[in-house]
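In the two complexes that follow, chain A is the common piece, with chain B as its partner first and chain C second.
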Partner chain A sequence: MSRHLPVLLFLLPFLTALVLPMVGLARRAWCRPLALAAVAGMFVLALVNVAVVLRHGTTRYDFGGWAAPIGVEWVNDGLACLVMATVGFLALIAMIHAGPTTPPSLAGREAPYYTLILLLLSGLTGIVFAADLFNVFVFLEVAALSAYALVGVAGGRALVSAFRYLMLGTMGSALYLLGVAYFYAATGTLNMMDLAERVPALITSKAIVGGLIFMFLGLGIKMALMPLHSWLPDAYTYAPDSVSPFLASLSTKVAVLAWTRIMFWVVGPTAEIEHVPVLTLLEELGAIAAVAGSLLALAQSDIKRMFAYGGISHIGLILIGVSLGNPTGFAGGVLYLINDMVMQAALFCLAGVVVTQYGVRRLEDLGRLRAGDPWLMGALIVMAMAMVGFPPTGGFFGKWYIMLGALEAQDYVAVGAVVLTTLVTLAYFFRIFERIFRDAGRPSATDPRPVVPWSLKVSVGVLSAAAILLGVASDPLVSVLRTVVVPAGL
Partner chain B sequence: MLELLEAWLLRPNFLAFVVLFLWSFSIMVTTRNLVKQLIGLYIVQTSVLFFLIAVSAKSGATVPVLLPGADPVRAVEYANPLPHVLTLTAVVVQVATLGVSLALITAMYRTYGTLDEEEILKRME
Partner chain C sequence: MIHVYDSVPVLTLGRVLIPLTQLFGLYVLFFGQYGPGGGFVGGVIFGTSMIVSILIFGHDASSSRLARTVLHGDGLGLLIFAGVGGLCLIGGGEFLNYAALDVPGLDDAARRYLGILLAQIGVAVDVAVTAVSIMFSLSVETEDEDVHAGTP
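On to the complex of A and B.
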């Protein structure tokens, strides 16, 4: 039974997505509870899956009884199960949050809306588990198509962002597919385990190098790595406030996971192209993305856009961590990946509360938040601490292990990039707090004090607690990561 | 230089792929009309499929259906079904993308009354 968990994790949201439009036809009010139940079921299954993998080790699933490399294979290993648990948890929280923040213009269209969210989640589940390059492509597209539709679902300005996202995202998928075709032409196989035996010997071949570059470009667009990020800020800023937490926390990070799998489980961490280690290139790209992303965040005046650029800089930090070439750095990178998923979800949930309940979008209006509840400010402070990296939040420990890994690798560019990103992150959160606590824009007594629904309080509160818990529990988590996640040969 | 040219001319399939890919990519980035951009994107995707097929084409091979009496099986006589199945799947993905993008374009046209990208950006202000 436990062997089937990855497939069940995929089928639960996928089948619910298929059933939902029919249910919605008869009973529209059932759509949301049904979607919520499916996502809650996903979370429970993902937790069971973590327990199973930690106890019994990695399992592989052959579809249709066709053994790999002929059949399609899914791998349920430490990395996949931990990321899947995070995905399940954040999907549940974001789904709770999505209730009151759903734009009113969607009333009457709940069924297609929740169907899209569930399709997005099933696509992401597929990417997490897939151990087959082409399977990754298919699930990337399932997730991406739902994401394009979700960004544009409320119409208006978001349509243009959604279309741009679609153009760039589809270009990314086409490039990824081209890379897969190169790999297939060079090796005759698509299974990652099978490729891992053949690719290292062929690493000097132009087809493999070209394929690797194309796959990296494709996934780079999907993960919004710095020069390829231009779709992300608009898409996340104008997407409905209920959708942004899903996209911001899940989709780019899962693309990072897909790349990590290809880089470490197929190509191997020691790969060199013309005597240049691939990992060094990745780490430099990550350093550029981390610093430049945070500097761009500093320049923004729209809070959602600021958080979006913060997410772009954190993608760079994750890439630095996993590319340092030692287990400490890799574990730190994965820890930061999990933390960043939680932080992005929390930030966009907070932004959703601020935009929908207080009607504040721009930085200069943030003073109005002082009329609000203390819990909101508390959550914002916790999240700022996590983003900047103060102990005891998870953000601190993620950066700490990345720094340890960088020092171990004697890579001072990475150290400098992490320090600089931290300082600039502090600067842009300082801008937020300066706007809130400054006298100008003080709320007048007549300003309405919104009654925030409990579901928003729960989602923001739980995410803040999770950000602290990830820090408090980072020691056991890192030892687990070091034993089950770090790829062989690192 | 001459060797490179010769290598290119010996592989007209790949040359066609490169021309299709770059041409459609330039359509995608240079036109202002959203539908034309979409056509560019569609040809980019198609060119990648063309590459997949060009790699897997095998002259003189037949469909990979094992007929009774084909013993011993000689793999050389059959086309490899996998790249073709991949192409088929990728075509389905492409059609789905086309559907979503046309829906978005229709919604944009209804909202802004134009398909010109610059014009839409102007009307958004």
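On to the complex of A and C.
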């Protein structure tokens, strides 16, 4: 039965999403427990899947029993199973968090709301496992369509951002599909394994180069790489506070994963276009995104928007790591990918608590948090340490291995970009703490103290613990990453 | 809001043609195994017949009300499709490997035939329901706001 795990991981949220509208018709109160149970089941299955893959190695799944390249194939390898486990974990935490932060305007519409979240998760599962370029497109669309709807689900100002996200996201999907079409025209196949045998010999062909550029642009919009990021800050800022942890932690990172698969498993890390190594180009783009994203974060005055730009700069750091062209950098990039998923989930969960329970959105009002829980402040401090990269947290070790990889590759642009990003990140978290501890805006003794529900405390607490645990356990994690994740030929 | 179309020829022809369209939709669905057609096309034709019936007889006709109730089963078609695929898992094969459907007294080819037919019925149901739901969301928008508006 263990070979069916990837498809079970997909079917669990997918079937629950289909059943929810019918259940919601009769018993509206059952929607949330059902969705929570489905996500918890996903997390358990994903953990079992990690154990199976680490013990028995990579497995491939042929849909309908038709062997690839004729049939559609899914691959369950080290990278997929580790990212899937992270997706399952964060989906569970974000679902717990989603209860008290769900906007009141959604009352009565729980069924479609949870259906959309579960469809988003099933789409992301599909992208993680798909080993077929067209299948990746299908699941990108499943995930993206649910994400557009989720951003706009509460109406109001978010509708404008959702529409903008819809336009740019659709353009991204279209560009990706165009790239897939070029690849298909040049090679006659869509299966990644099959393509990997044919593409390296054709790398000088205009169709392959064009297709690669289109696919990168399409996925670049999906992962919000710096010049293509303009949909992200608005979408994450105005999305309901219960939705932004899902989107921020999962969707852009899974797009990075899809690109990594295409770059390393199809095109190959040594590919050169007109004597320019593709990886060098990617690494420079990542450096620009990392530095510029963190500088833009420094200029924000809305906390959700600031965290959104922080996420954009981290996408750049991940891209630097995987594009360094050596196993250390690649393992560091993937470690940072996992860390960044946890950090973004934690930051947007915290922002959700701050916005819904304290009514604070802007930096200058952050002083009001002093009336609140030490629990909340502790989580914020841990997450700030992780984002900046202080030692016991995972953020430090991710950056550490990316730096080691950059030094190994003697790539001082990458080293400089990582250091500069770290300093600017420190600066914008300093702004947050300066606002909190400054006396102006300090709460008076008569201000009501908001009671933060236990589920919000659990979600931010568990995520902070996870950020530290990822740092403490980074040594065994990196050795696992080096053995099971690093692609052949690196 | 769409009301009854006030024209005797249209009403009479509608009564005759809508059942015929639905019969043709079913034919296309089942004939899809041997020739052009299949679940998607059959579903579109079936959905069109329901849309035409709403356009002619209005939102308040009993058939339209039936269509609106059916809308809540939006995921039913996909559920049939994924459920048939899931039965293959129970039978020991891969997802959607219809040869693994555990039906006694059928050989491999007949099982695949059955599996594809059931999956196509699921597709047809889903396409038809989606077509009607698009129609409804375009035509009864103002009503919908009244039902769902949570914010003042």
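As a convention for this text, the second predicted complex is superposed on the first by the 490 of 490 C-alpha atoms of A that agree within 3 Å, B and C clash if a C-alpha of one lies under 4 Å from a C-alpha of the other, contacts with A are read in each partner's own complex, and residues count from 1 in each chain.
Here is the rule we use: a residue touches a chain if its C-beta (ideal position, glycine included) is under 8 Å from a C-beta of that chain, and two chains touch if they have at least 3 such contacts.
Remember, it's a predicted structure, so these values are computed and weren't measured experimentally.
Peer 1: Quick check on the chain A-based superposition: chain B and chain C, clash or fit?
Peer 2: Fit.
Peer 1: Answer with first, second, both or neither: which of chain B and chain C does A:129 touch in the superposed model?
Peer 2: In the superposition, A:129 touches no partner, neither chain B nor chain C.
Peer 1: After the superposition on A, what does A:309 contact: first (chain B), second (chain C), both or neither?
Peer 2: Touch status of A:309: no partner.
Peer 1: Identify the partner contact of A:155: answer first if only chain B is touched, second if only chain C is, both if each is, neither if none is.
Peer 2: After superposing on A, A:155 lies in contact with both chain B and chain C.
Peer 1: With the two complexes superposed on chain A, say which partner A:138 touches: chain B (first), chain C (second), both, or neither.
Peer 2: So A:138 only meets chain B here.
Peer 1: For A:336 in the superposed arrangement: first (chain B), second (chain C), both or neither?
Peer 2: neither
Peer 1: First (chain B), second (chain C), both or neither: which does A:238 touch?
Peer 2: neither
Peer 1: With the two complexes superposed on chain A, say which partner A:259 touches: chain B (first), chain C (second), both, or neither.
Peer 2: neither
Peer 1: Please state the minimum Cα-Cα separation between chain B and chain C in the superposed model, rounded to the nearest whole Å.
Peer 2: 7 Å.
Peer 1: Which residues would you name on chain A as touching chain B in one complex and chain C in the other?
Peer 2: On chain A, the overlap between the chain B and chain C contacts is residues 155-156.
Peer 1: Across the complex, what residues on chain C touch chain A?
Peer 2: Contact set of chain C toward chain A: 72-76, 78-79, 82, 86, 89, 93-100, 148, 150-151.
Peer 1: Residue numbers of chain A touching chain C in their complex, please.
Peer 2: So the residues of chain A touching chain C come out as 4, 7-8, 11, 14-15, 17-22, 25, 61-65, 104-109, 115, 155-156.
Peer 1: Can you check the complex and tell me which residues of chain A touch chain B?
Peer 2: 134, 137-138, 141, 145, 148-149, 152, 155-157, 159-160, 162-163, 166-167, 170-171, 173-174, 177-178, 181, 184-185, 190
Peer 1: Which positions of chain B touch chain A when the two form their complex?
Peer 2: Those residues of chain B that touch chain A are 28, 34, 37-38, 41, 44-45, 48, 51-52, 55, 82-83, 86, 89-90, 93, 96-97, 100-101, 103-105, 107-108, 111, 120-121, 124.
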